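Two complexes are shown next, each including subunit A; its partner changes from subunit B in the first to subunit C in the second.
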Partner chain A sequence: MTGPTAAPAANEASAGARKPGPPVIDVDVHEAFSSIEALAPYLEEPWRELILRGHWKGFTQPFVYWASGGGNRADAKPDSGPPGSDLELMRRQLLDAYDVRAAILTGYFYPVMMGDMQVEFASALAAAYNSYQIEEWLSADPRFLGSVHVAPQDPQAAAREIDRVGSHPQMTQVLLGITTRAYGDPFYFPIFEAAQRNGLRIATHHTVHVEGSLGMGRYYIERHMLIPQGTMSQIISLICSGVFDRFPDLKFVCLEGGFTWLPHLMWRMDREYKSLRQEVPWVTRLPSEHVRERLRLATQPAEDLSRDELLKVVDLIGSEDVLMFATDYPHFDFDSPLRSLPPRLPDSLERKIFYENARAFYGLPENGPKTAAAGAA
Partner chain B sequence: MTGPTAAPAANEASAGARKPGPPVIDVDVHEAFSSIEALAPYLEEPWRELILRGHWKGFTQPFVYWASGGGNRADAKPDSGPPGSDLELMRRQLLDAYDVRAAILTGYFYPVMMGDMQVEFASALAAAYNSYQIEEWLSADPRFLGSVHVAPQDPQAAAREIDRVGSHPQMTQVLLGITTRAYGDPFYFPIFEAAQRNGLRIATHHTVHVEGSLGMGRYYIERHMLIPQGTMSQIISLICSGVFDRFPDLKFVCLEGGFTWLPHLMWRMDREYKSLRQEVPWVTRLPSEHVRERLRLATQPAEDLSRDELLKVVDLIGSEDVLMFATDYPHFDFDSPLRSLPPRLPDSLERKIFYENARAFYGLPENGPKTAAAGAA
Partner chain C sequence: MSVVACSVEELPPWHMRTVLVRDGVPVVVAHAPEGTYRAVRGICAHQGGPLGEGVLSWLVSSAGEPGTYELSRRAEILRCPWHSYEYDVATGRCLTDPKLRLRTYPVRVEGGDIVIDI
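Coming up: the complex of A and B.
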């Protein structure tokens, strides 16, 4: 839901005690720490001391936000700390406001944004974030499932970090932030090897460093329209470099990159594959087959489709199993489970998008992830 | 049509004297000169002498082609010179092989690829190419319609060149090659002003310098899958910088960037516009309205859609007026008028895509462009 007409979820939920809407697995929820100093207890030295001295201020973005709440829902700001940092507020506005059975935590903290400078610091930040997420979020509510943060600019260190925390029972995936790096490059294969041996999935999510094919754009609105290109490019890169073929157990999910371009991308990749595949003999199947079997896309931002439009898009994708619902809480373009997808979808499709596709993708038990996570907590 | 199964058009046409297939306006035909020296007679000094001395070799691409005919149809190579350089062969394989009533010549020569160095040379190349196209192609066959080539890195010079040749009765549009420049930037407004005052359209076409959001890609097949991103980005740039609003008489066509992503792009732009338009108050309408009224997309490469898929895509675009057929002759991924779009399309839609949309877009008379161009020749 976007724009001034987007009602806060808290209001939507206030109608009654019974949770409104369908059972949901929300695959893109952005928890946050209260300030960069909150990460310090989890950081190794010398980085801890340097941060406590204020020698690094954390990440920021190279543009100003125009929306009333900046990059976040205006009503998601707690009394102290940034949106997403207050567990109780998140429970009230998201987990308990709707029938959210599980929430995949994706943070909004991408050590890849450090670039190629001081990669040891970037790797230390990733490790600190994972420890923080485990200690302060995964242990706090069994509905939370985690993402392993890494600094992909040092793939060997990333693989070690995946081995360190990847076996945590609430960890689901390795999270790769999209900047201008193409993750199909064999440079990154140690990350995929580590994810595969730990039974984790691969997730992508844009960072504020994502670009379109002509750069960042002149305006924030322009850049926001360009975000899907980073996701499309990663899929193309992963397919053409044979990551789907070389790592047969891996599954992939692209978060917050949209989904209505997927029919185009599958048709385009298949057409090129038919005529130019001699260049990439390690790609052993039609790209669309890899996509339908092993790639999932989060729905947010859902682009205000009509029922007929969404059904046509799903039909053109050729599978009801690809889309997984996400809210993107607490960001400004939050998708409400009640209003971001069109009403009166066929029951089976609605259940797949809001719940079942994510349950299957993340390998959660039939009786729901709450039980599984509770067992792990 | 792509791949080893693509039959040469000459074979398709040999079945009989009557031209097969529907009447066609082919909006993307790549004529070529026999060698860079062929341009010399049209070049101003000192550039003519420098080229004749071999001090510049022309453009090339930073990758090797794998297909059997390189970047071109293997059967389109004349006895001498590159594919596209032999008028008689082009007539035989394209104009007379199908019922082609008009062909928009787009060359494959983009002075923008000179970059920011020696912009005077780039502008001289553009002028020479226009003179060459007028003298050696437009005057040779009334079915040919031309594109004004410019060096957009010097917008004032580009505007002067548009004024010099833009009134030629067979000139239809200003051709902007896509590299990594975003043409919405006000830097380029003199080009749009000149196009508007000369009654020309704006066409975009990728160059071999086009990139995806993560760069060129590791393989040619990957890069070829990324090409549409350059087109999507230009549309986003033109919309967000208000080019559609500031130049109300201009119409736009994007060549060889595909089209099946257009529903996604319109939905995405509209959603962002609804929530973030305060940043771009000069954009006065929903982006999708600008697109449907004034933007056209060439069909090639047509991505091997089924009839049902194409009809769904047209339905999701929300208009039958947006698509215009192109063959991309003589390039390797040539789309045959007989086989690249699915059979048994509704008559009215088929006529629009192959003929009527281009006729209306280019303002050709009801009785067909051949007559109009003949009057001009």
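Coming up: the complex of A and C.
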């Protein structure tokens, strides 16, 4: 009989039961600040004082979470601060637990959630968050690449912010949070113009305010099932309002909305386009062509497909270049690089999904992210 | 092989504890219902989450009316810290996916210790 053994957190990655898996570019990693006061050093007055006085506590969700750790992995809670706020824990559970060569930081602090009130405050928050991200995350690990956060409800201010930080060498994209706004509206064109002139991509990510076509549903599970509708709605809006045509250098990635619905959406958009193109003559190509060439979808949540099912979906999409792997760390629906996609995929497809498609999309060198060279040998 | 998980005093009712056995494999020992000890492999059969970091909780059911909840079998359901997949610690079975099952291990009390047969 052997004695008891102290048991730290253990899973397949940390227990060494399997190899660390394929090289990964993780396109959706949620860093967080320890508290809203962390933004204070980066805020101008009058906003700084209001935050320090506790006059605004930050965003919260209009529902209760049911998962073991709330909205996050239960094992991702640091000793202090919320999940995603502890760099060392993130390294242990993600960057070093798997073969992560680069991680695209996407935050979870989206000023679009302020709505139409106090747009100056929302824009100030976005700018402060970007400065915080650059100072405290992008500089901390060469594997990190960043997202420019904006308050899209003030497109001119958003464009100025993109010009302010968009040239940072680790910034890759402008992040647009999905609520109930359709970003194809020409009102938002200044944002796309700024992204294009700064060589940035456009990323969409749902917020806790995203809705399905009939609202958020009665239950959290229902609302979580509805999230892809927000992503699909944005793709339809961006294509039909001509954003893909008007900004030919822009590329787009939709995060955390899944991907298995894409064949349907492409077929449906092409069918309608062939009938009703005359209503939107500024759209000059079949929607499916825009999608295959310039839209990418993050795989998370990967929906537990079998190998055959995944190969069928890729075949129906008509391109092996569309899917990019994401973990969504530290959220509760985290996708493990070892277990979320089916085993025994063709080597070339596996390499594309986990690494090559993101490398090409973000314009990173063949041998890996330029800024990650020191940390990902 | 037998492994001492801990003493009975170290595992009060409705709590769980993780021990590492051969080659570092985690085993979760749960004390529920009172006086009964169960042990399951501590790696989620879904995506490999560390079950010992999860939640030992109730079986949540309903008589059928939307909005009504009935709680039973306190601390006999182990929920993964990642995706919240639920496992019955008595059988190792996942409540929502019949393809997923955790290995279970015999547990006994011997001389004031909780002993797992691996």
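We adopt the following convention: the second predicted complex is superposed on the first by the 354 of 377 C-alpha atoms of A that agree within 3 Å, B and C clash if a C-alpha of one lies under 4 Å from a C-alpha of the other, contacts with A are read in each partner's own complex, and residues count from 1 in each chain.
Basically, a residue touches a chain if its C-beta (ideal position, glycine included) is under 8 Å from a C-beta of that chain, and two chains touch if they have at least 3 such contacts.
Worth saying up front: this structure is predicted, and the values here are computed from it rather than measured.
Taking subunit B and subunit C in turn and counting the residues of subunit A each one touches, the greater count comes from B.
Contact with subunit B, but none with subunit C, is seen for A:Trp261 once the two complexes are overlaid on the shared chain.
By the document's definition of touching, of the two partners only subunit B reaches A:Met269; subunit C does not. By the touch criterion stated above, A:Pro20 is placed in contact with neither subunit B nor subunit C.
Of the two partner chains placed by superposition, subunit B and subunit C are both touched by A:Trp66.
When both complexes are overlaid on chain A, the residue A:Ala182 reaches subunit B alone and has no touch with subunit C. Look at A:Phe332: by the touch rule set out above, it reaches both subunit B and subunit C. In the superposition on chain A, A:Ala74 contacts subunit C only, with no contact to subunit B. With both structures placed on the common chain, the touch criterion links A:Ser340 to subunit C but leaves subunit B unconnected. Counting contacts as defined above, subunit A residues 2-4, 66-67, 218, 304, 332-333 meet subunit B in one complex and subunit C in the other.
Here subunit A touches subunit C in the complex through residues 1-7, 9-17, 66-69, 73-75, 218, 304, 332-336, 338-340, going by the rule given at the top. The touching residues of subunit C, when paired with subunit A in their complex, are 1-6, 17-21, 23-26, 42-44, 46-50, 52-55, 66, 79-84, 115. Only residues 2-4, 66-67, 180-182, 184-185, 210-215, 217-222, 224-226, 228-230, 232-234, 236-237, 240-241, 258, 260-261, 263-265, 267-280, 301, 303-305, 309, 312-313, 315-316, 332-333 of subunit B touch subunit A when the two sit together in their complex.
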